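The following blocks contain the structures, represented as structure tokens.
Next, two complexes with chain A in common: one pairs it with chain B, the other with chain C.
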Partner chain A sequence: MTTIAELPPGFADKVLSAQSTFRSVMDAMARPGSVQRIVPMAGAPGMMMRGTAAIALTLFDHDTPLWLDARMSESSDVTKWLKFHTGAPVVQDSSIASFALISDGGALPSLERFALGTGEYPDRSTTVIIQVDSLSSGRGFELRGPGIDGVATLQASIKPFDLFERLRMNEALFPRGIDVVLVADDAVVAIPRTTRVVSKGS
Partner chain B sequence: MTQHNTQQAQRKAAMAVLAHAEAGEIAARLRDLALPAHQDLRAPENGLVMLRGRVGGDGAPFNLGEATVSRAAVRLASGEVGFGYTLGRDGEKARLIALCDALVQSRDFGGLVERSVIAPLREQLMVRRTRAAEETAATKVDFYTMVRGEG
Partner chain C sequence: MNAPAYNFAYLDEQTKRMIRRAILKAIAIPGYQVPFASREMPMPYGWGTGGVQVTAAILGPQDVLKVIDQGSDDTTNAISIRKFFAKTAGVATTTATDEATVIQTRHRIPETALRANQVLVYQVPIPEPLRFLEPRETETRRMHALAEYGLMHVKLYEDIARFGHIATAYAYPVKVNARYVMDPSPTPKFDNPKMDNCPALQLFGAGREKRIYAIPPYTQVVSLDFEDHPFEPYRFNAPCALCGAENSYLDEIVTDDKGGRMFVCSDTDYCEGRQAAGHHGSLSAAPYKEKAQEASNG
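And now, the complex of A and B:
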């Protein structure tokens, strides 16, 4: 019984909180590079950020296989919390995961190892959720693509440093590819597969 | 281990009573108590469970149909976690059951809840069941067959 006693609670108001979080993530996907805030807050276990926890409660369920990086899967707080509140099965094989949670970006595995979708069903790819240090300061990135009027600039300190170089593989794969969601505390930025990083400052 | 089993039995007995009580009755009895601080670990939610049956009790199992259930989980400030499941869409009832379940496990409140909430409700339930049984028994008809004697 004491094991469950340590679990942080889920959303206080499930429906409205999930709707509001969904809206934030959808806006982030529709406007790549823009920083969206996640307002409703749930308790977050272990090293999981508040924003990540809210996204998990909103998007994960028993139909979405979940891949956790080593640091997340070692934490029983995180795995128990996910199991209790979302029921999502945690899988070892990243190539069948609907979502991947990355707390330690430095140890992000090669993106080819995630599901890339198929020609018929490009939506069956893994959405990679990476927790980063900051989405308001750090290196500057310039993004182009659908949903961006001209150029969007993003200031972020991201690990791995070569994330956007690695995401170049989306150019060749289209319509298949990996969508990335970056989370820093309650801030969210999405980098869908159509977004290209054109230049970056210091 | 035996202590764990006793507690399980106690929770089971409490659940058997609470599941048949009205939400209002539970709330009214809890209102008189000085409840400890608690929070919703899982806010009340509705869902479906598949009911399975077996023909004649030992045939192959089949899916009979779905029933609506509500569930909730409540945690006391002292750490006890209670779960509530009940048929129907009354989320508040599921929450109250979860709260009672958590209180039953608590060392400080276990006895109090047993005395002032569960015991009276159990008595009511028994009265109701006895009355129903009596009403049924009053209409009982004994059938018997007259055997025609030979010669």
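And now, the complex of A and C:
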């Protein structure tokens, strides 16, 4: 049983840390496939990576329903920390979530179960934040789309292995779709719904 | 002096989070207008409240801010916004396009090519390109959802039928990433080609209309046109009277009541940079400065 006093801390400087973290995430979203670093550090509970924790402190609040995967939602450290620092309501229904936190990519539910937005309001969709093993080594991927000058390459070790195959649904759904943020420790890569990914093998 | 009564960059953190989430969705869906809970700002609507909120949400202490109003760094609007952020965020400001990391603009894109580490923030009065064709928001939303843009082509065609050419000179509609038709804010259509495949991130904020939209870097932006009436940027057929530039966007300045006028670069930083590099136009400011100096000396 963790008391509030024992919870890992939030940002030391809420304002400037959130700004710096946001700029890293914004740059990641604007330049898909590029690896951005999150500099300011906060305490991270349980299996939550420090990059994920920083993003949570930067973007989550009472307006953002949150869906947690089984491993996250079973950890009272994680749910208490999120509740105390962000106040974001944790929901069971993934189709109304603004953000989803995935610590175990292998158990990522079908992406159709998240909010995909509507034709009129495609922004009302879930941003899925997935913690991965590495964003610097592993399989190679070729990315194309807005934000990318020609082709971007990404070396990453990601679960689920077929994540980018699953994200192909974004092509048919556009402008509806799922935006993904990959986190490995302090590294962040964003794959917005406009990005097309081709696997280059190992 | 920093006013301690305000948060860094004026806005409170909850507002910044809300705007930041809107910006991320705007980048993910290029050209789509994301609704956001625009706040009242300490300046009237029409003075750039949307751009100011976007700038406030992205600005950090390490940023260097440039603000332009119709290309000019030294108009009231540009100066007051620059001072606003110098005071509330303590950021460095500049008038040089090269040195800036965040550029807030009203109705121009700088002549100097933008770089990948820069963000261009536009002030937008009316974000909906279809608004004057269809006043109902529910209808324009559906038209965007269905990519039903025939009406916009009819509007451009009516220009051709009436004037013989597309007479739209500013706020010229563009299609972003081959999907959304977007209002580039009332920039002259001369600037439209600069939006295409631009290395810098472009963010648009409309305060009164409560919309944020974006063009990610290296994104295709096409000005709408017809095969037999291709898009053509417009420019006065004259060199800049101060720096002699032949390829910059020009302002027309009336100099007397007898039809006298001069054409000068709208982008003051670009014009000053060229003059400092030794370029001169027919009415270069240098002789006047020298004359003024001689007068004061003698």
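As a convention for this text, the second predicted complex is superposed on the first by the 199 of 202 C-alpha atoms of A that agree within 3 Å, B and C clash if a C-alpha of one lies under 4 Å from a C-alpha of the other, contacts with A are read in each partner's own complex, and residues count from 1 in each chain.
By definition in this document, contacts are C-beta pairs under 8 Å (C-beta built on N, C-alpha and C of every residue); 3 or more make two chains touch, one makes a residue touch a chain.
As the structure is a computational prediction, the values presented were derived from the model and not from experiment.
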Partner chain in contact with A:Phe174 - chain B first, chain C second, else both or neither: second
First, second, both or neither for A:Pro160, with chain B first and chain C second: neither
First, second, both or neither for A:Thr127, with chain B first and chain C second: second
First (chain B), second (chain C), both or neither touched by A:Lys14: both
Chain A: partner with more touched residues, chain B or chain C: C
Touching partner for A:Gly46 - first (chain B), second (chain C), both, neither: neither
First (chain B), second (chain C), both or neither touched by A:His85: first
First (chain B), second (chain C), both or neither touched by A:Gly138: neither
Chain A positions touched by chain B in one structure and by chain C in the second: 14
Partner chain A, residues of chain B touching it in the complex: 39-43, 45, 75, 79-81, 105
In the complex, chain A residues that touch chain C: 14-16, 18-20, 22-23, 25-26, 29-31, 58-61, 63-64, 98, 118-123, 125, 127, 146-150, 174-175, 177, 179, 192-194
Chain B-touching residues of chain A, taken from the complex the two chains share: 1-2, 4-5, 7, 9-14, 84-85
Footprint of chain A on chain C - complex, ascending: 7-9, 13-14, 16-18, 20-30, 32, 34-35, 57-61, 141-142, 144-146, 177, 179-180, 199, 201, 214-220
